[in-house]
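Chains here go by letter, A, B, C and D, matching the order in which they are written, and residues are numbered from 1 within each.
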Amino acid sequence: MTDTGVSIGLSRDEMAQRAALDIPDGSYVNLGIGIPERVASYIPEGREVIYGDPELINAGKRQVTTVPGAAFFHHADSFAMIRGGHIDLCVLGALQVASNGDLANWSTGAPDAIPAVGGAMDLVAGVKTIYVITQHCTRRGDPKLVERCTYPLTGQAVADRIYTDLAVIDVTPDGFQLVELSPGVDYDYVAERTAAKLLPIATDK
Amino acid sequence: MIDKSIATPEAAVTDIFDGATVLIGGFGEAGSPIELIHALIDQGASGLTVVNNNTGSGEVGLAALIKAGRVAKMICSYPRTANSTVFPELYSSGRIELELVPQGTLAERIRAGGAGVPAFYTATSVGTPLEEGKERRTFDGRHYVLEHGLTGDFALIKCQAADTHGNLVYNKTARNFSPVMAMAAETTIAQASQVLAPGQLDPESVVTPGIFVDRVVAVTHPAYESELVAQGMSYP
Amino acid sequence: MIDKSIATPEAAVTDIFDGATVLIGGFGEAGSPIELIHALIDQGASGLTVVNNNTGSGEVGLAALIKAGRVAKMICSYPRTANSTVFPELYSSGRIELELVPQGTLAERIRAGGAGVPAFYTATSVGTPLEEGKERRTFDGRHYVLEHGLTGDFALIKCQAADTHGNLVYNKTARNFSPVMAMAAETTIAQASQVLAPGQLDPESVVTPGIFVDRVVAVTHPAYESELVAQGMSYP
Amino acid sequence: MTDTGVSIGLSRDEMAQRAALDIPDGSYVNLGIGIPERVASYIPEGREVIYGDPELINAGKRQVTTVPGAAFFHHADSFAMIRGGHIDLCVLGALQVASNGDLANWSTGAPDAIPAVGGAMDLVAGVKTIYVITQHCTRRGDPKLVERCTYPLTGQAVADRIYTDLAVIDVTPDGFQLVELSPGVDYDYVAERTAAKLLPIATDK
């Protein structure tokens, strides 16, 4: 399967905007690098959300302004927040997501690659709800939503919901459950580009 | 708008349920959240498991909670202190359970609970009666015992100042167990001499970040346990 | 008289020996003790095991230490960063060893090392390639892996201000790994923009108590890695 | 054996003073409650020593002034100092000390006693050097320096040196080694009151 080149589905910013709608007021949220960090720009007005991400403010080497009510803490405390279950929600990128919730987002396992994991494994192990934002397929057109991940895992059965350019999909005990289609996209279009069973929206049944 | 402030101690403790595990800050009277404990006595929850280093003194604060028969079990390192008569009486007559934990193990177990560590090894208590029933393991030729993380349904703590985001600073050694208890409880309730707007605490000096705190309640002039005991007060 | 101040970075690192394990603070360039690292390069110790979240950038600071061939092994979570070319080259040609550790596990292992905890369980890395070779254990129906405390012979860290007792405060997120590294090293060496007399730091705001720090050295105007890299500097 | 009532050996303050002489300049020291805390008053002039003891400043409910260069920290950090091997020296009381270094100082094991341990087990497990200050015998005249402790242990093989009213005694691989006699006390007097082998001072041999 190859991409047609025609612009179908959401842009990266629109994906971030869609995910932002689902972030509850008052949540403690961790945003990964890449599309996930764009989510912050789209939190609906009136919702106050606290981001805690040492990578976002540090490794990204961006100038970040502290908001009133901020606090500084060391890395063990920072990851105690993550690993101790104190972060409500995390938005991460993906290389592959499996229909059982397995997530692979740190390595393609290529033999010559320099392995680097950062805090991704801590996040998926410790954060209550994991949202994934990703293009539905790779640039080569390979599906990223799969039956079983072939890349090294970041965590097992961790993804709760996936926001792609084509759809919003929940990971359920029965596998991928379509929740919402992007404008101009239908079930078959998404299902063709998903390498696992995709349950249709209930009203479509 | 995040605003974790609650008007009164009474309103802050309404949902503490029978049988809950409650982490109560303080080391002796330093850092003891007396007003929150008294509100809990008024609220009426019973069958509680309470985690505190001691068991209170006189008949106020934690000792009053125990005297009221609300505590089924104490987890602590030092249940005997000056003016501590309530716990010894109940314990001697078999009406309250005690889990005795070395003080550092207690602090570390609470931190572990808050940090997502279900268990860790420590050299403390090896070869003593407090090792009984625990798994022993050797690392690099030294013996250690396995201890488990400790969490609570609620934490009641006292601090010097809070902001409405729940960031806290403490007063000197009254800090003691409160920062780790705030990490380890499902719901952390802090009484503060001052509740400030966000931005009024220096982010560099915040000791407990707001993420660990759910409710803050202003208790502008907190009572001191030793003064109440000296006055012969018995709560309620 | 306790006075932990040392006149120069050179004098502060003289006893770092070949084969030592050196914990180096910083997260990317934030908190990187560049002047201490450059002094270590000049000093000449080799065969080092270095613990840092990353592997430096350009050819200054940590990257320069690696480029000089002094580092036998890196323990880190993210060895690939922007402008990081030195480590990847050595690693690809098999001239440097890598122990990859998830970032939170790295921080917790260092804290454990400093707190006398030889090992603890964590859910991080369960079911992933980084679980390989580790013991798995189930608590309350959830899987965890056993991770070991990590200590160092030396820690090199950067802070905003120190007093001569070794009490430290940091600058914003440059705090990162430094407080736990100070706990975990046999000898902790801190560079500070200011070295103050005892009493000039607010005891309530001290982040690293002096007990964890052995030497403080004033580096009044510390260099920033990104600026040196942008200038094309290559140390020495 | 019963005490004669005659005042022989050091007073409690003199015991504390003697122990203070052996505390090195610049040490981080933890002092237990009772005689040990008196040690602080007798640190020789010119030596600067840092005390870190949450019990001394808190549970003892004494007003303690912070010295310049102090810092406040929470209990897990405080015990990380103790358990992580950062305290150089600790001075503790004792119910019994055995010639293998075993220490019992928290409970007589009486069936009706309320057990209370505090931080004693953490201290003996984590602090590099453990000094014990104790009366040589109980009020009843029973020796506190014994072959094997009969009371519940605080820690195994932890005591390094013992300061009593009668003597200074080291715990060595060969057992109790007399180091110094109090004024007016001879080897036999101490040995009679010690329920384990007591190696004489080398020059006495």
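Simple rule for what comes next: a residue touches a chain if its C-beta (ideal position, glycine included) is under 8 Å from a C-beta of that chain, and two chains touch if they have at least 3 such contacts.
Treat the numbers as computed from the prediction; the structure is a model and nothing was measured.
Separation of subunit A from subunit C in touch steps, taking the shortest path, is 1.
Looking at B-D and A-B, the interface holding more C-beta pairs in contact is that of B-D. Here the spacing of subunit A and subunit D, counted between their Cα centres, is 58 Å.
Once the centre of each chain is set as its mean CA position, subunit B and subunit C turn out to be 34 Å apart.
For the pair subunit A and subunit B, the distance between C-alpha centroids works out to 37 Å. Contact with two or more other chains is made by residues 108, 111, 115-117, 122-123, 170, 172, 203-204 of subunit B. Those residues of subunit D in touch with two or more other chains are numbered 66, 72-73, 76, 79-80, 82-83, 125-126.
Viewed as a network of touching protein chains, the structure does not reduce to a path, ring, star or complete graph.
Pairs of chains in mutual contact: A-B, A-C, B-C, B-D, C-D. Those residues of subunit A lying in contact with subunit C across their complex are 54, 57-59, 61, 66, 72-76, 78-80, 82-83, 102, 107, 112, 114-122, 125-126, 152-156.
If you check the complex, the residues on subunit C that touch subunit A are 27-30, 53-54, 77-82, 87-88, 91-92, 98, 100-105, 107-108, 110-111, 122-130, 170, 172-173, 175-180, 207, 226.
Every residue of subunit D that touches subunit C in the complex is listed here, in rising order: 26, 28, 46, 48, 50, 52, 66-73, 76-77, 79-87, 125-126. Taken together, the subunit B residues at the contact with subunit A in this complex read 1-2, 111, 113-117, 163-165, 167, 183-184, 197-199, 201, 203-204, 206, 209-212. Residues of subunit C touching subunit B in their complex: 108, 112, 115-123, 137, 139-140, 142, 144, 148, 169-170, 172, 202-205.
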